[in-house]
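In the two complexes below, subunit A is the common chain; its partner is subunit B in one and subunit C in the other.
Moving on, here comes the complex of A and B:
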């Protein structure tokens, strides 16, 4: 006997003939399902996805696909193993009854579960003016269908493309347009591209890249309106500085919104910032009490991380979806003493203007930055972010082989500025400068990590009371 | 065949771009672009690329079409999926 609950057979029964429902049939949902089967789950597995497609990979959509090197409907994810699931594709989940352990679907069906995994991810933030957003030639980029439409529009040879928002996706789109020889204007509310994710110092480097590649980059401006022509096609955009940009294609790239509306009124701790869960991926309810049968993984989750002051982190990262799905699946099928915390060190990549940008850690926590290796002028460097005297993040431009080293530095809470003298004799010396992140109270689009406070039951922002 | 490259793990060694240039290509100094659904004829090249990747970043799934094409003597009969890389 190792403890109460271990031998009551409930876990064995769950593994043998329990019912697991996964809402969200993308990267996190698929990888979790594979892990469950790997761990010997033999019961019924139901996969629910609002898109009519089997799980596919999204990163190629803003890169290979826009460049015409790959086709949007051919990015389906490889399977690690067969998952023998009952698929409900093209049907969104519309409600959750926690007491009855039931998920309601858009077609009226209901699915009962013993364990539920929520991996509904995020969607592109639409253009706020619905009528303008519906104009022909206005796109967002998140799904396979979005990419297919945008690719077709770019192939038609528009006179000018306007990208609204210079986060990672917007920058990658602008880069692809330039590579295709298209004129492109980028309008960014912040002072530079990528400021929300990487701060102003790196943002300045990104701005130089845009301009050197012929992007008409306008920063510190907002697009105040889109104007359509007589045929309902977008024709021009009006900017807050009074200027007008004529464009036949407009890509709205204003970050993402969490898909949590379907949980309103369910009693789960879900809101605009995601679904709060503990380090073991178990969801909190609105009272801040952790549930024992509902788990969360991927972009929609926000969970506390020991390395980053137990702040709740929302990570829109490919690698996080894979790692968190794996942990959630493991924990769903484990006794409490065998559960694992999700302690993945945030990491992401972006490819734009022929430069590979990679990062580890949480750059937006950084208050200072120091170029440690390479050359800023050549766009080939590593830089580290410091927070309260320790290394909290690092970013590389075409220097990715150093990232592992910096990851160790972050994991071991190494001191900042780093005491090692670098291989380079840097002309400016080893002096950190302010990392120059925008005021966190001003919402920015495009940070791929959101620090969302400490409390799972933070009533300031999370809970939308039910209206029904 | 379907493939995905864990680009967090990828360090731009470019072995794949050398062994299967019709599927993998370097874009700039160290960015990798690849075709997520390569043609069945590319199977041998892609398998070589998977094996040669120093960081094991490529996950490959062979589909039935790939199994029909170029049947390799060591192919496991009836196995539709086969992991090409490790996590």
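Moving on, here comes the complex of A and C:
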């Protein structure tokens, strides 16, 4: 065995000639690999990614790329340093043998590891009806190829685009369509765009934004079916209110699913809600026991956070992928006493309809909201979310320079409502109102933060009490 | 800590090297002399967080006792101009800054600064040619002959001041700038009166220009400020005037010192100067490190608290006057390794030299561009430059700190 364990010198051996395998060659995977090399890892490093491309950046895909301002194949992630890795691109990992420390690949190869990092992220939730989803003109948006296809379809000048789901991605797509002068309808099951992520009060602001920019926004409705024309091209969509929308491009933007199926049966605590790990990024197995050689980072991970009641958080946030990758890489190469917890304060940005939206903390935990600065009517404001008398999150619309302050408020569990006055406090900022999050059991487009309770492992187990 | 440390910082005899005083100050991150003076914050993290704290106001009207404000003072005294956005809080600040930014930077004018590059290059060459033709290379004053005239010309071009009026503009700018430095030898009445006159004349001149540009707009900032009618509406003439006065004063007072401090530092670090001569692109990290090591704005003296705030264990009362000593935060060993070392190879360099938060330096992209170009060209063209006085004579001003003259000699001026 090559240098795993806690006995003397094992760590040095691992760093010198150990084998580290990273599954998921995107943001988290690349950043972790860079950090490992930076920390002096000199052994063999294998990067496994099912996409055929070198790691690239996703946020521009729903923004600059859809506007035609950037080309999808030019969004490669900048390299901070050479990582000298053995790349397996275009090949998925298909299985994991935890006992033999081996990853199985789709092409039949097997790779052995001393330490494994799983960063397989999420994928777009597809349209539930497979046949309808396969119609030409129906898109999802997660990958470079998706973005390229969609941008081409938009450039062709469709008569109408239908976006199903008004989360961040769906709203950004609608915004890009309007900027390109395309007619667009947005259908959202919830009461407003962004409600899952930011609640109904902010959702209403978002709804105004859509409508003012000429989006045909339909809320409280579901798309019940897609209809194709004779050539197998999408032609129309049927809505639960009985109406029909004629569209030749349909973008399904219903949130994400974790890429964990390849771990089924491996014994790792991986399931539809992600891979549970401890604060140090070490994965749990299905018995709730932490592993010592398997680490997780990025969108696929869910880990407990002290600031948020030790709830297990899954975050689909760029910054989280970077920070968690860094922590995982550090811990993979450290003695247990030198390990660091990943206690990043969740932070997310979006840009739509010319407005820069940022949030920190966990808005969906908030029960109340207060506009502390600026004005809701002008759509330039900072608002904080309260939970049990403390500040739990904040959101800004075109006011991001104040965000750092609100982050500190969250980190120091500052009282809510804030007892102080600030610059630019308007009358509407004097009283908290209910934040108006939908009942979490009612599905929306899928928030970018999932609070998933306390259980480290998803898989159901039969508990058989020991018999005497 | 001595009760008089603030007086010592202001004291001219410490102007050449205030850094030991800042080090002393940092021992008490929030210093207050106990008798109504300002609360002085000198450590990096505390300053950084106060710059993002919405409980802090930049509106001078919130200060009980108006503090000394060398950056903004000149534009209001003796005139009826409304305060520039430097001295306003949101939402007024945001609105004016946004409108000023429309013709200046991204997203609406992403090319403005970049497009000026050629012009900046021409100005720099012209000034260096001027030094060459005076013939006296045994004693060049880099301030009077270079660092002073350069930024004023840049502001003229930016605002669209016609070439033939530039000389008049230079005189007004110089008079106003001089009034920021109290001159103990001058007759105070005369001294002040010159500035008031200059301000009046400059204001009338700009007002005339605004009228002309409204009728016949060009591609310059003044035309666009005067005629813009965006989502925020349009600026009143008074707002255009106070904004352009701000651009003039803040834009040029700081750049002079950035360039002069820069040359002084390079002459004290000949190995870095040599590297810059061989590789002009090194000017980018050099200017960044300069903004940390010798920032032109040493402290922000005009902020106040809107609420009671706790900082580093000290409770600042509501309505307190605050000094944020940026130059001290930049040398805080808790933030930067070897903070007193000038090291252009430093990788982690998030300095406070341009401020931070909503009032962070508006002209930063232009200032950087000017300084990078000026320093790399001086390094390239001055043959064997030598410092004739070290330290050189400094300006009076403790806030906008920099040498008043920078006498150097060189062997030749390269083509």
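As a working rule, the second predicted complex is superposed on the first by the 445 of 468 C-alpha atoms of A that agree within 3 Å, B and C clash if a C-alpha of one lies under 4 Å from a C-alpha of the other, contacts with A are read in each partner's own complex, and residues count from 1 in each chain.
One rule holds for everything that comes next: a residue touches a chain if its C-beta (ideal position, glycine included) is under 8 Å from a C-beta of that chain, and two chains touch if they have at least 3 such contacts.
All values reported here derive from a predicted model rather than from experimental measurement.
Enquirer: Touching A:13, do we find subunit B (first), subunit C (second), both, or neither?
Expert: It touches nothing on subunit B or subunit C.
Enquirer: Given the touch rule stated above, what does A:233 touch, subunit B (first), subunit C (second), both, or neither?
Expert: After superposition on chain A, A:233 lies in contact with neither partner.
Enquirer: Answer with first, second, both or neither: which of subunit B and subunit C does A:80 touch in the superposed model?
Expert: first
Enquirer: Please indicate which partner A:405 is in contact with in the superposed arrangement: first for subunit B, second for subunit C, both, or neither.
Expert: Only subunit C; A:405 stays clear of subunit B.
Enquirer: After superposition on the shared chain, which partner residues are touched by A:211: those of subunit B (first), subunit C (second), both, or neither?
Expert: neither
Enquirer: See if subunit A has more residues touched by subunit B or by subunit C, and give me that chain.
Expert: B
Enquirer: Touch check for A:347: first (subunit B), second (subunit C), both, or neither?
Expert: After superposition on chain A, A:347 lies in contact with subunit B alone.
Enquirer: Identify the partner contact of A:380: answer first if only subunit B is touched, second if only subunit C is, both if each is, neither if none is.
Expert: both
Enquirer: After lining up the shared chain so the two structures overlap, which partner does A:372 touch, if you call subunit B first and subunit C second: first, second, both or neither?
Expert: second
Enquirer: Is A:420 in contact with subunit B, with subunit C, with both, or with neither (first, second, both, neither)?
Expert: second
Enquirer: Can you give me the overlap between the subunit B contact set and the subunit C contact set on subunit A?
Expert: On subunit A, the overlap between the subunit B and subunit C contacts is residues 380, 401.
Enquirer: Can you tell me which positions in subunit C touch subunit A when the two form their complex?
Expert: 49, 52-57, 59, 89-91, 94, 306-309, 357-358, 360
Enquirer: Which positions of subunit B touch subunit A when the two form their complex?
Expert: Counting only subunit B, the residues touching subunit A are 1-4, 6-8, 10-12, 25, 27-31, 33-37, 59-61, 80-81, 83-84, 87.
Enquirer: Which residues of subunit A touch subunit B in the complex?
Expert: Against subunit B, the touching part of subunit A is residues 57, 59-60, 63-64, 67, 69-71, 74-82, 318-319, 322, 326, 347-349, 351, 353-356, 358, 380, 398, 400-401.
Enquirer: Flag every residue of subunit A that touches subunit C in the complex, lowest number first.
Expert: That would be residues 372-375, 378, 380, 382, 401-405, 408, 420-424 of subunit A.
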